[in-house]
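Shared between the two complexes below is chain A, which pairs with chain B and chain C, respectively.
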Partner chain A sequence: MPMGRFFILPLLLIILFIVGVLAALIFQVSPAEIYQAVSSPETLFALRLSLITSLLAVSVCIIIGVPAAYLLARRDFFGKAAVDVLLDLPLVMTPLVAGVGLLFLFGQKWLGGTLAELGLHLIFTPWGAVAAQTFIAAPILIRSSRTAFEAVNPRYELAGQTLGLSPFQVFFTVTLPLARHGLLSGTILAWARALGEFGATLMVAGATRFKTATLPISVYLNISSGELGLALACSWLLLFTGFLLLLTVKWIGRSRNPRAPIGGI
Partner chain B sequence: MTAVSLQQISNFVLKEISLDIAPGELLVLIGPSGAGKTTLLNVLAGLVPYQGRVTFGGRSADRLPPHKRRVGYVFQDLLLFPHLTVEKNLLLAMRCLDLTRGEKQARAEEILDLFRIRGLSDRLPEALSGGEKQRAALARAVAGRPKILLLDEPFASLDFRTARYLRQEFKRLQKRLALSTLFVTHNLREARELGDRIAVFHKGRLEQTARPDEIWFTPGEESEFLEKPNLLPCRNQVSLENGLVQVQWAGFNILVPDEDRTFTHLAILPREIYISPLPPPGPPTNRFVGTVKEIREKEGAVQVSVQVGTEILFVEISPDHLSAMRLAEGDRVHGILKLRALRGCRIAAEADDVR
Partner chain C sequence: MKRIFLALCLLILSSTGVSAAELHFFVGAGLREPVDRLMENFQKKTGQRVVVDYDGSGRLLARITASGQGDLFMPGSFFYIEKLQARGKIHSWRPVVAHTPVIAVNKSSAEKVTRFRDLAKPGIRLALGDPKAMAFGKTAMKILERSGLKDNILANVVVYGATVKQLALYVAEGNVDASIVGRTDAFQFRDRLDMIAIPDKYFEAETVAVAVLTTAVDLKAATLLQDFVVSPQAIKVFEHFGFLPLRK
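Now for the complex of A and B:
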């Protein structure tokens, strides 16, 4: 393809751009400084909080998102197109704006007050981070789960029922295992998104060291206060976990279709 | 063994179908595509809505959801669960049985042996051949001790020889397991080989039910898609004393079993006629001589059109038989109409051009 020669330049540019950013993050401070910052109590707290909140958020996403995705994949109902658009809205919404919305919603007396009476304080607490991450990550999980369910031939479910399995048993023994690759990819992508969530979390949970500072918020706090080492340590941890999650998703895509080149998920 | 009864079943395809399946009976449903055969299986399995009554062993099944009906359904596309091994497919179908884990395992092994797929128990469906998949699907369908077995053209995608072999094996197993069975096909050979009875479907209606050897000799609109017998106009009917009747067809004397009635035509299936380039040995009964007009292969068999006087006779032979005889169009052939296979029938004058 003679055109390829001309198109290689834009590709090189984008590769250089990404590599440049990575290099800037890596070579900004010495490895010894980074090591010290990574093992600092603040970074370790942020890491722990990030893992806990993001895992909780993903769990909520799975419990709510998987059944919702199944319904969307299998049933047609009035207003389905509108529901589709609504579910995708958080994907294109600026997280900061979503955060403001969440803040106002949970700030209402009738909702925030009721939840507080039940012992669940969302505003400016780690629970707020869970709520914000759930809001942002759920559409990602729903989208890929729905695609995964749509790819399962519904006739397998009929076959399961004729074999004496109740619709619930069919869902857990036939449909879920058949959709597992797509569900797992969706879960990991949603987790990665929750882990890196900043804007909405900042609005709902606030930015308090050793209280609501997840890894991205810790980066923001430390850059603001000139603690470059700590900021970079948190950035590295985010980068590393993101990279690991990305590799997992690619690996799932490959194990589903061993002949496919690395890339498709 | 369970008797199954359908009464006045109607829905978006079916029109007032009433049908009884005796305990252990193998009933073949035959008809062109779109006739409603598969829909009837789906009614029994509870997968489609219907009006009317379905009973299993005298008990109404109308309000039972599919998973409580205890049917063993082999779908046309088999639908073996691709994420489970053959054995796990069977074990999943046994979940509803009140057995211990060990008993289920033992039953699974017994069924795998019965269907001769024990060696494949650890394989995923994608690693099975077409015939092996059929066996696995059949094994899975009987694993849950169904009250009735429903099979939707299970051998349709197989090559001719494998299908024939599996049919024979299936018939043997069906009798051994004594399972009431509904078997859907559009293949006449299959219907004849398998059925205790055959039910003919057409445009959502049940047109006739009869034993396999009876169904062909009922000329009429309903059988238009079935293999037609040759209908040979005959005359000069003379009753003989030995339980036979002699008639004349195309200038040849033909003997027919006496059925105490006069008839206008002889009916004989194409596969019941013997032809050969040389005069065959044996008694000179029911012989004729003709010329090969056309040779056509279809569905694993060969149809030979033979001109006898002014009549055209259709003869069905196997491809092996054809190549052994080295028959070609224009050849002279000697033939025999098998006496046992001949029937006399009365057809009104306008039906003469049925063929």
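Now for the complex of A and C:
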């Protein structure tokens, strides 16, 4: 097929591009440096902190984002277009700017005092990292969840209702299971984004080693102090974790039974 | 479609075509304000185009080493020029101004912190730079060691930052009471914070110097720029932004 052959060139180019970058990165790191990185308490702390904060952030995203996405997929309301644009704004915002905004919002002058009375300290704590990651990752989760819900034929929900299920029962036993693939891959993309989040976290939580320094911040600190080898080894840890995440997305995508539950009645 | 493609090609050509005679100047991010002003003057005066590349000095060092390119380098601390010199990457260097540390105090905390020793008082909230990643983090740690109050002061640190402007912002916003930053960084936010001098015996001022790299393509043009940056009128611009002249 001539067109297929023609289109293979762009694909090869982009593959070479990515492989080139990865190869350039790995040839800079010696095995000793990788060992040093994965055995240093600082890196291990950063990895653990990154995993915990990103998991918490994604949990918050799910609890808030999935119902919000369902509403957006099923209902029309006044100002929906504006809400739509607003929800996508964090995606185009430079994370550093988002971080400064969060710093102002949660600082003493605005919400900081009230939150402190409730026992919640966001500025300069790991909780700040969770807030920053939630802010950055939520739009991704909402977008993919909404698409997933829109792909579910409302007739199934109607059928459930006529069979005597309450709207909540319909949501949990009909809609959610049918949308689960889209929801899951959206969750994992949001998680990957939260895991790699740097700019917003840096401003809100700071770069305190052994307290708020997540893996991306640790990479940044090590690059800044000229420890390129250690920084690259940390990057590899991050890349490897990201790789596992994306592989999971692909796996979910493949195991989807194409169209069967979604097709019309 | 065709027209858009053509326009794009033109745009790309016009933005890269004239790059041959440009000077690439790596500058520490903390020096941005005076250098922006100076480069405007320099380009007007000589017609020589200069691309200024601002970043943290440590990251610039990493980039110069990794890329093996660039004409001039002016980091916030002399330490970085020494590092490149050891690798044979410095053609020549000349000192410019002093980069002195000060204590920046939020105006609403002015009563709590009036002198250096107050940083060690219980209950004071401090921000410091990461001692490995940031020039002023390194400087601050040296100052604390010499003051003999290191443990008490470190106990008050609630956050470490990765850039000096981040620290100045934390103080200006009142997220912390005080921090040790560059005089010029505090100067920038002077409407919201006070500056307190650090006792002279605790530190040596950092020297800002401008170096021509061995990778410079046009040595004559690069030296011209170096001469301009150390000229008396350039020093005046630096002083305007809170830098202090070097003590002879």
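Here is the rule we use: the second predicted complex is superposed on the first by the 236 of 265 C-alpha atoms of A that agree within 3 Å, B and C clash if a C-alpha of one lies under 4 Å from a C-alpha of the other, contacts with A are read in each partner's own complex, and residues count from 1 in each chain.
Keep this in mind: a residue touches a chain if its C-beta (ideal position, glycine included) is under 8 Å from a C-beta of that chain, and two chains touch if they have at least 3 such contacts.
Please read all numbers here as calculations on a predicted model, not as lab measurements.
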Task: First (chain B), second (chain C), both or neither touched by A:164 - done: first
Open item on the list: By the touch definition at the top of the document, which applies to A:207: first (chain B), second (chain C), both, or neither?
Closed with: second
Open item on the list: Quick check for you: in the superposed arrangement, does A:104 touch first (chain B), second (chain C), both or neither?
Closed with: second
Open item on the list: On the A-aligned overlay, A:177 touches which partner chain: chain B = first, chain C = second, or both, or neither?
Closed with: first
- [ ] Considering only touches as defined above, state whether A:156 meets chain B (first), chain C (second), both or neither.
- [x] first
Open item on the list: Looking only at contacts as defined up top, I'd like to know whether chain B or chain C touches more of chain A.
Closed with: C
Open item on the list: With both complexes overlaid on chain A, does A:141 touch chain B (first), chain C (second), both or neither?
Closed with: neither
Task: Overlap of chain C and chain B interfaces on chain A (superposed complexes) - done: none
- [ ] In the complex, go through chain B and note every residue touching chain A.
- [x] 45, 47, 65-73, 75, 77, 79, 81-83, 92-93, 95-96, 140, 143-144
Task: In the complex with chain B, residue positions of chain A that touch it - done: 153, 155-156, 158-167, 169-170, 173-174, 177-178, 180
- [ ] Note which residues of chain C are touching chain A in the complex, please.
- [x] 56, 58-59, 61-62, 65-66, 83, 127, 130, 132-134, 158-162, 166, 169, 173-175
Open item on the list: Quick check on the complex: what are the chain A residues that touch chain C?
Closed with: 100, 103-104, 107-109, 123-124, 202-203, 206-209, 212, 217, 220-228
